[in-house]
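What follows is a pair of complexes built around chain A, which joins chain B in one and chain C in the other.
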Partner chain A sequence: MPSVLLTSIVVLFAITSCFKKDADFQGKELNIAVKAQVKGMDPIYSDDRYSSTEVARVYEGLLEYHYLKRPYQLQPNLAEAMPEVTDNGLTYTFKIRKGVLFHDDAAFPGGKGRELVAEDFVFSLKRLSDPKLLGNGWWTIDGKIKGLNEWREKYNKLPQTDYTEEIEGLRALDKYTLQFKLTKPFPQFLNVLAMPFASAVAKEVADKYGKELLNHPIGTGPFKIKNGVFRQSNRIEYLKNENYRKKTYPCEASEEFSKEYLKDCGKQLPLVDRLTSHIIEETQPRWLNFLKGKVDFVEPDKDNFEGALPTGNELSPDLKAKGIQLMISPYLDITYTALNMELDLFKNNKKLRQAMLLAYNVNESNKLFYNNTGIPAQSVIPPGLKGYSKDFQNEYRGAGKAEQIAKAKELLKEAGYPDGKGLPVITYNCTSTTDAKQIGEFFQKQMAQIGINISVIQNPWPRLQEKIKNRQVMTHGIAWGADYPDAENFLQLLYGPNRAPGANGSGYDNPVYNKMFEQVAVMQDSPERTALYEKMNKMIAEEIPWIFGVHRQNTGVVHGWVTNFVQTDFEPGRSAYLSIDVEKKKALLKGL
Partner chain B sequence: MKSTAVEASNYSDTKGKKAQKPKSLWGHAWTQLSRDKVAMLSLTIFALYTLVAFLSVTGLIASDWKNEVGLSYGVPSRDHWFGLDIFGRSVFAKTIKGTEVAMSVGFVVATISACIGIIFGSFAGFYGGKIDELIVWFYTVVSSVPNIMLVMAIALISGKGIHSVYLALGLTTWVNLCRLIRAEVIRHKDREYVQAAAAIGGGDFRKLFKHVLPNVFHIVIINFTLTFQIAIKSEVILSYLGLGVQGRPSWGVMINDAKLELARGYWWQLAAATFAMFFVLLALNILGDALRDSLDPKLKGK
Partner chain C sequence: MNIYTYILRRLLYIFPVIIGVSFLIFILFNVVCPDPTLIMLGKHATPEQMAMLRTELGLDRPLWVQYFDILKSAFTFDFGRSWNTKQEIFQMIKNGAIPSLTFTVPGFIFSTITSLSIAVVVAFYRGKFLDKFFVVICVSMMSISSLAYILFFQWFFAYKLGMFEISGYEDGFPYFIPYVILPIIIWIILSLGYDLRFYRTVMLDEIYQDYVRTARAKGLSERVILFKHVLKNAMIPVITYVVIQIPYLILGALLIENFFGIPGLGSLVVDAINSNDFGVLKAMSILTSLAFIFFNLLSDVLYTMVDPRVRLK
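What follows is the complex of A and B.
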């Protein structure tokens, strides 16, 4: 017994001393709040905002978006320069940056990270296409690289994928030269290469860990995960990558960024020594942690919004007094309830879908859940992208008017379900937080007006995604944020061949739409393309595979000690540019 | 010799009854209980809750809880005593609907738990030996798993909803009663009256259910009231965690919603659910104590 007691005292002491060391940490540390569980850190599975952001702290791709340029502009990251494009936009030749090292790991000889070579990208993209691994990002390059689809098809039938087989469109010409050959012009190809899906993974690491790569993120990025292992817990800790290549803070910025943003010009990245991602799913603890200074920035949730921004566009005086700053920018995103279009119930029943959209009062949902800051969505393309037409009104867009409810009831009757009779109970899947449940209840209530019964089912975020991927949902509430600033990224959400496990979670598959998409996907930016985007957008507005929600606004509140903070639609990669003013933090913390 | 003694005692018993009309155990307990004002108040409160639950089940009250009766988060007023929730629904009506859930969970769970507890406990105590060992082993295993984990596991396996709440709580709350019954039955099974029953040819079943069980039944009643309130509390916790009832109001769901609203200063949903819970739990606790005082022979006259 005494020995047990002694051990526990020692353990206790060890724990407290651990904490003490933490408090004494003098360097710069970023604390970031993450809204959902991170399902793992393998680039090929990082198809949601939360995991792709975490993945991008450790992994890097060929290209990235310039941190301080708007409209968004691509720049080389692991590539030495922008690629040489020849052959009428079908051949892309990249020079890879020399001297880039992978993080140290036991997978490499001697435990020292080796130099990145062009072959690593060939390997990584093959991995993304591997039919055995079923990477979630396959849709980004599906049908676009010469020989890749054939390679995938071939090994789909064979027991083992052979990565050594050469693919015509994906080759390393020498140690530092990488060449892509496309099957057809693909204007968004470079944008795709900037997504975390296309990050460089080392073959040694993938061989060593196999499926466990999900928990062993070893990349070339500015941060490396502490102890080399990702664990499902409520915090993910990163340390600065000491062997990071020479990459410096930009010295140029678009006009909208003040001089303040250029103070760190030329400094080696990353600017902080440590980074911790705190996974806080519920809104209230997230906000309280922010107020206590435990996390550096958050978006005010619906319930704290009024308190933080009494007028809707300005911070409350007490928050201002604490040195907190406000950053508002539109998001390139859309919230929606996807209907499972593979079910006969929805597939053959446009009138039912139209009735549902008519019965859904978007203004009320905007008020209750987005503090009236969102823009009601008429279709799929958000404002800020070509293809969005400001004056377009979806005739089925419900706004709570009595005549709309009457019309919805009429349509439901025509669909063969007078007052909802004959309809099964429709399940609605959402995440497990309280506000998600309230959004579900709201949907339930709106549908009840016309006699449709909805049952709300809550799931943890990774489980919800799994269910969507396996087509086990009737309807689900979700949102899509842009991967790149082009409407194509939204329109592909409804392209038939992108069905789950691809990004098309509703499984909408319309030959006419698919054909238009294939046509538009190879067009360069032009008035014709914009016209086609608009046409497709209007087509979806009438087809209603989703109950459209709102285009949200990105409202961020940031503590005064965070410098270089910008709002961005492409959060992956941002953390390397953020910095902390340690002295100011000490001073401001006293006032919290 | 033995048989005459029994006859004699029987005779004197019947004779005494006719002469003085002594009260039965239950009659005596009721007299004692009715003298305790606090206990009677608790009983009234409990009866009121039961009545509300009944009226709610039959749809006579609060059947319109889904309706929007005012603005989102309307403050408590004369029209809406407990204010309105996010969708403008009456918190009062939701509280009543929550009462229905709570009382039904309390009743069903306490019944399930009493049935399991009585059957296992009396068999273990009466037969002893291998059966006893098996049952004791079983309830030791069940009670060594943290209750809330077991409840969560059952709720996750059998799906969410009120039925799995019944099941989950019913299957986890019987151990206490089982232990008590077992001990009491062991004490009683060799008593003279049981031997007498055996002597006149009563089988095991008759001895156990006709003779022993009525003599230990006060434990069941006391335990019933306590399990009732534990079940209500657990239902609230389960619903708060999102594992309880779905798509209908429950106090736990209301408290879960309230944790967001509190940030805006909307306290009424939390207050309504908490007070509703507080009164019934307090009443049941006091009632349980008072019942023990009046029913437990060991405490008689103290």
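What follows is the complex of A and C.
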């Protein structure tokens, strides 16, 4: 009986497998695997990697990062050129590109997308600040634009927000001129304008769809969503925007990119006819779909890593033979264990902190938890940012050497705790995942070598957040990823006034460091600023408010038919530059 | 008491049950759980934003008002918007119900028919090789975790042999069929062991009843006894078992949906758990309770149709 059943099911499959939608499509199509559910497509809520990437396929902002330049370099997107900035760094004036059209939608008269104007950015940034909408990206402009916080506070108390009310620091001077006036110099403001939060949304569309705008993405971007409606499902389909403005593939690249990357120089974007984002949350189906060629690139997960990269930095011969390529680049991030610097135990005992860092074998942790692909962190600034110095070596960076353990024990003795005697049990708080627990147990084992007793406490993520904000942790394991490519985004994690409930979870508060931060935070990019970043980075390396972990690496495997693929920390916008070699794909698919 | 009065009375019983269920959900999500605003606002949360979000979510209102909101939603189905995705929860549930049903219903029907048929056969050959063989198979199938079936079948049948889609889903008939075949097969295998063991016990219970001995004494064939008498009399536990499983069909299957990328209610729940989306979890808890209440009532009513000896009181 079961065999009859199975046979009938297989026959049914054979009959129905011919009912595949668009099976005869011959154009260029990108198939992208997305690791998590996409929340929606409203730019003001796009605070996670996956939603912001999807949002950026449809929406655009004033600025973007150059696709082929490293370190990351801003360039105009919907702005005609980089803005004029006054000498005091307080006023930014942008000229908007002319002739840019929104996608067609019933929200516009006659269903035809109208031209983008400066007022659209005024509206979009007010929308991001609207207290009734509670946009997740408000932090990017909180306290930065003159009059904006007052406007938000005023309408927080009133039943309805008035978007027609003028704000001093956010004005359209004419149809194509936009001006921002800041409350204080904030050089990273331009980075904020490259984030998907600050994308242009048309007022007509927002008025028509209200809260449902998250399901009706109508932007000016290179792709438009199929049928104009987003539905939370297992796939999101996009079509090339046929009315896309004149925007071409770059003809310049940094040295690390080979000439191959400039083959499409001058070609109109996007380079593919359609794009499908496949939401595949589990690792096995994502990896198998990649091996079958159903998706074009993936990041190998822990489960597949050893098979794909047996040596850690080279593809297996089997994958190489299939034309698959390996792409590795560092993430702008850092993993760390924050010490609660408000506790006397850590605050007044630098030698204890130094002993702990020395006892922690970062190389072993790199092997165990990051497939040996991470870069051991010497301090807070990750590679790829100004202020990071490749040659700098933290003298307290532990690597499992016997002499380091001996020195750590000596420091612990000098700190007043010989062999850990007299030290209380130190709690280590982490999230409730298996990985987090294993990292905690590893930390426990490392500290036990010098006699420090660690107790690992697992918490659901909201509980851990709450404990950090309320200063109820002694140490906690966490990571930070860059919001924008500037060391300031990392250094602010240790700025005293930012301590919890702000982003400074360790509560480190050093007046000298704070003063330096206040100075550097308002400086425009310059060699002086870089020098100050380096100085602060070295200061933190010696102060050790954290047990530094690693800077993780982005490891991607890409099918041979995908061209122009680059690894980036700022994925939004990348899909417009990617292309598919259709003939090569047909040939390579036969071998999969 | 006629059946309509009975149904009406049972429907009235729903109210205290819902009040109790809502209260439990309220205690779990609104009293015991930590402040959700921290997770929702992420690493840039400020006390001002957290306060505004609490107001938006209604978490700054008196606890009894929050409780009545939950209770009200059980009757109006207005669950508001997801705390994580900001999508309308009712719409999310509506969107997820069909994909779940496209594989759970066929899986359920096939597994029930198959296991019932095999149960009748093994009851016929009770104590003999065939019976023992199926008992061993049942225990073996039940001993393997569902995740092992999913991982192996996906890797072997879908990837290695290329017989099925690895994962994915297409809306609309017949496009979804290629994507649900393997999940259906896994559903059947997962259910078969449990179902077969249960139905076999039910059949054997009946087979040793007095009326079966009487039927044999009257000279009826074993086949007639089994199919005409035993099967019919075994229907009460069978109906209870079948009907009570229906809410699970609507709820989907957490692991199967997640691994096969089926955008059903199982995936919805997994995503809600992963993102601490209490809004969706509350709604799903309420709907699950309602489904169980309704299908319990349905099974009670069905008893009277199958067995006239059952009297409604």
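Observations
Here is the rule we go by: the second predicted complex is superposed on the first by the 367 of 592 C-alpha atoms of A that agree within 3 Å, B and C clash if a C-alpha of one lies under 4 Å from a C-alpha of the other, contacts with A are read in each partner's own complex, and residues count from 1 in each chain.
What we mean here is this: a residue touches a chain if its C-beta (ideal position, glycine included) is under 8 Å from a C-beta of that chain, and two chains touch if they have at least 3 such contacts.
All figures in this text were calculated on a predicted structure; none of them were measured in a lab.
Once the two complexes are overlaid on the shared chain, A:D273 sits clear of chain B and of chain C alike. By the touch criterion defined above, A:Q284 reaches both chain B and chain C. In the superposed three-chain model, the partner touching more residues of chain A is C, compared with the other of chain B and chain C. Legend: residue contacts after superposition of the two complexes on their common chain; A:G40 is shown touching chain C, with no touch to chain B. In the superposed pair of complexes, A:E80 makes contact with neither chain B nor chain C. In the overlay built on the shared chain, the residue A:E342 is in contact with neither chain B nor chain C. Once the two complexes are overlaid on the shared chain, A:E410 sits clear of chain B and of chain C alike. When the shared chain is aligned, no partner comes close enough to touch A:E115: not chain B, not chain C. Overlap of the chain B and chain C interfaces on chain A: residues 282, 284.
Across the complex, chain B is touched by residues 282-284, 287, 301-304, 306-307, 367-368, 432, 434-435, 437-438, 441-442, 444-445, 448, 455-458 of chain A. For chain A in complex with chain C, the touching residues are 1-2, 5-6, 9-10, 12-13, 16-17, 19-21, 37, 39-40, 42, 45, 47, 131, 134, 136, 138-139, 142, 156, 211, 214-215, 231-235, 278-282, 284-285, 288-289, 291-292, 294, 460-463, 465-466, 469, 480, 501-503.
Across the interface of their complex, chain A is touched by residues 33-36, 38-39, 41-47, 49-50, 52-53, 56, 81, 84-87, 92, 95, 110, 114, 117-118, 151, 154-155, 158-159, 162-164, 166-171, 174-175, 177-178, 181, 184-185, 188, 192, 258-263, 267, 270-271, 276 of chain C. On the chain B side of its complex with chain A, the touching residues are 66, 68, 72, 86-87, 160, 242, 246-247, 256-257, 259-264.
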